[in-house]
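In order of appearance the chains are A, B, C and D, and numbering begins at 1 in each one.
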């Protein structure tokens, strides 16, 4: 039995990447198998692109960056082991983490090992707390999305609002905060329905919603379920406007619900039309990954790219790879991100990045900025 | 309102019935349960997607093509894999689950993301006093009826049908009467694969095509087969329809959270109260 | 049996040495494998000795984990009280839900365990007031045993090792007891056992209770290992993994099950860099092992000391 | 001792036992004979609680035992062997006999696990009794052998040893001599006589007339689930109804 484990250990060391000594080792824990595989691939694309650009420009103070990838198979227990491997490969910092359940499980490893960990793929508010020391998060959390959506609802004068949410922590989180936001405006949802992530048929929920005759339906969930809901809702004659958070701002929506998703509104972390850099970056990104087996998705790859290129790289250049200095540099970081309304972004005391969200709308086969919502 | 639920429930019920038939056919012949049935259903959907997109096949030829290919794959897998798993229930169950894991993750490599299925059964919807439903539902009902009738005719009147029934009642005796038992068993697996794959194609336009499509449908169809009577074809079909309708009504009137609970509560209760199912025969245990 | 003992002691010593020198990453894998081995040994009472297979071990493992997590985060009781509570909770639930079905033939029992697994998972996911539902239970403190806080991988590894060794030794005593003998007799021929005076139903129910208890203990360690529990960690997939390890380990052999847990646990980690192919290979390993050595691993290896 | 009162039992319309009544006195060896399918084994299955009869009662030493489950019947002191030898193949010969031998010993699972003296004493007593039973049937040398690999004759004797380990008052033997060679049969006869000599009453189902005639004080003849004759061996041999049943007289129906 013992020789088995020894051989296993040897093999793993080999696979950990043939990085030369003075390279900067960037680790990433993402799902390359299981349900989140497509999201993991987009994050890796964002990191790869930033990495190549930095290395092409001579690296950071002459040191090249290498990427050490750990696949957590979209499973919380395995994501603990995956992040532990990155710590064990003594990577200098980790950018990654998709799925709230996975991050809630694996961030303890980063906190314990003292590893700077920038989360770019999970939005549950409970990830960033005052106890966070090493774990940062660049995505606006669900509170931000729900609050922004409540503003849009009042902006567009929707009165009869229905909610359908996924019973996972993403959906439940959004439902609670949004309902609170509505209450502040003195509005109560006309109907609230729930579904399981793996559900395929939503006849029962949509029949309830149809009866409430809403003028807006909030979709708090992820693909492919919310696309199926939109299709089945239109089939059942519900013509209310659809609104959603980051789960909806995914380019795959246009493929899965071409007609039903028209004019659906979504909050997002990136939009091409906000500024010139975003447009130029998106073009470079699309061109770079045109042949990749995972179709390029700017909205999913941008946060990872910006975390490395705009936040980690400057700090690495400034303080090198000393973990504590790196942490303090990140904590003090402030700057503007492209693809979002222009505003000064910085980390709060729970290491949550305070940055604006963009509000976009599906028009044809693209996301367009929702007029009047992105001042 | 009620009509909407009934149509939805009936549609899902037909799918549970067809996939459930796959369990019944294999169980009747081999007293084994093929837990990879859900994944076969999913593979059928992908096969249909491939046929529709690459070759632009219209509905009927596509269904036939998928049925024929799946039948062949079913017979092949019986010869290569399942035939070596008859040692015991446990070995068969675990082997079948392993096969299901292989099929599902194999497809996940090729198709990592959910894909839309072309509306080969007609785009648009029908209106039936208040209820609105996709044209696909009509195809599901028709094809299910056709399949059930065809099965009945085959089992009752054709030579292979009688051979399959003989093997189902007792393999040894059937062998002594000149029935090629191995081929009959292969045909049974082929048939169960074909029916499940056809059900997969039928469901395509309603749902998106993704590798995990078959997991829940497989378990629900299994509960339906147990509800109706896993050794009775008619029982399984009625069990499937009943479960589909009950789920639709429970989701609407009780709660969508516990919708799935219903199917599994039925499964456990039926096994305790009437393991042979509503219509199944009691299989006497010889001492 | 002399050789068997020697191998046993040698492995334990080797595992201790591993604990001292191995990297944290290797320790994390080893800890998870050791915790899983407890649940697999528990399942082994059913698959290896009672001739029954269960696909509910993952859910019972979850019951144990939730019992430990909820006890420490919701009540003031000391964490270690969670261990007996987890064991009893999983054991009682497993017995109450399983006993009516275990009377049925093997196949019907498997079917009902699938139902039990899904029902327990749905309750974990939707009974939000009790289990925290989809939010899971977070902030489980590090386990401290007599002032010895198990917050580093190495320290927790030691606890898991002690747990796994204790689980194995206790299981051996159970199998060597009269109950173990009755269980094997029932598995060979239920009717003959009854007419030889064995309380068949009680033997099966005890096997269920024991397998649930072991699952609860493993769940307890899981809760304190990840310090976060979520319903999606205890799905049917986990039950399939446990069943595979128990079946792959083999018929009537606790040692085979431990070896299978290490090999399959190691394999799924070793294949990690291959992304999606990992699960395909895992499924393939499952099918091939059932096709070619259904009697399990050790039935193939020419090990003299097996009885 | 054993009083079977008009027991009826049918399987989905097929009448296996049509009102069988018979009595077995303390210390007697009662022979039960009849052509195949006459209900002999079914009768044993009813008496030992495997089947619950549709009608009629079974009393043992004055107490009704109809409908008791097999384990309770064993508790009352009735042991049996099977026509098709039902051993525990994956257990050793000794373990096969230990299963019944451990039944009445004190100290259960917990006792064994904690190694309580009470439980250890129970094991020692059970092992002694099992060894003694194996000695009695002449299988002591095969104690460690796996039961699955025994020869046919040895399987018969192991089943006998397993029944004896229950220290029964009544032993139901279902064709113990079937499939044995000539001298194995004489050996089996000797064995049954020695068991009887230890005060165990015996009901013997057997086709070999030499074994039946030699051992039984009385014989009951069954045919198509009914008793067609009862009496001493000599009378039975001459009874026309018995001969007809065996030789297959022209069926009236």
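We take it that contacts are C-beta pairs under 8 Å (C-beta built on N, C-alpha and C of every residue); 3 or more make two chains touch, one makes a residue touch a chain.
Owing to the predicted nature of the structure, the values given are computational and were not obtained by experimental measurement.
**Student:** Taking each chain's centre as the average of its Cα atoms, which is closest to the average over all protein Cα atoms shown?
**Tutor:** Taking the mean of all protein C-alpha atoms as reference, the closest chain is C.
**Student:** Comparing the two chain pairs, does A-C have more C-beta contacts than A-B, or is it the other way round?
**Tutor:** A-C
**Student:** Averaging only over C-alpha atoms, locate the centres of subunit A and subunit D and give their separation in whole Å.
**Tutor:** The separation of the two C-alpha centroids amounts to 74 Å.
**Student:** Between subunit A and subunit C, what's the gap in Å when you average each chain's C-alpha atoms?
**Tutor:** Those two chain centres are 35 Å apart.
**Student:** So, what's the distance in Å between the C-alpha centres of subunit D and subunit B?
**Tutor:** For subunit B versus subunit D, the centre distance works out to 49 Å.
**Student:** Residues of subunit C that contact two or more other chains, please.
**Tutor:** 126, 191, 276, 279
**Student:** Using the touch rule from the top of the page, what residues of subunit A touch 2 or more other chains?
**Tutor:** Within subunit A, residues 33, 37, 167 contact more than one other chain.
**Student:** By the touch rule stated above, which residues of subunit D touch at least two different other chains?
**Tutor:** Only 50 qualify.
**Student:** Note which residues of subunit C are touching subunit B in the complex, please.
**Tutor:** Its residues touching subunit B are 47, 51, 53, 97, 100-101, 104-108, 110-112, 114-116, 118-119, 122-123, 126, 191, 236, 240, 243-244, 247, 276-277, 279-280, 282-287, 290-292, 294.
**Student:** Would you tell me which residues of subunit A are touching subunit C in their complex?
**Tutor:** 1-2, 4-5, 8-9, 11-12, 15, 32-34, 37, 70-71, 73, 75-77, 80-82, 84-85, 87-89, 101, 104-105, 108, 112-113, 126, 167-169, 171-173
**Student:** Per the contact definition, I'd like the list of subunit C residues that touch subunit A in the complex.
**Tutor:** 10-11, 14, 18, 22-26, 28-30, 32, 125-126, 133-136, 138, 151-153, 222, 226-228, 230, 232-233, 258-259, 262-263, 266, 269-270, 272-273, 275-276, 278-279
**Student:** Can you tell me which positions in subunit B touch subunit A when the two form their complex?
**Tutor:** Contact set of subunit B toward subunit A: 1, 4-5, 8-9, 12, 105, 108, 112-116, 125, 132-134, 206-208, 210, 212-213, 215-216, 248, 251-252, 256-257, 259-260.
**Student:** What does subunit B use to touch subunit C in their complex?
**Tutor:** Checking each residue of subunit B against subunit C gives 31-33, 81, 84-85, 87-95, 97-106, 108-109, 112, 219, 222-223, 226, 257-258, 260-261, 264-265, 267-268, 271-272, 275, 285, 287.
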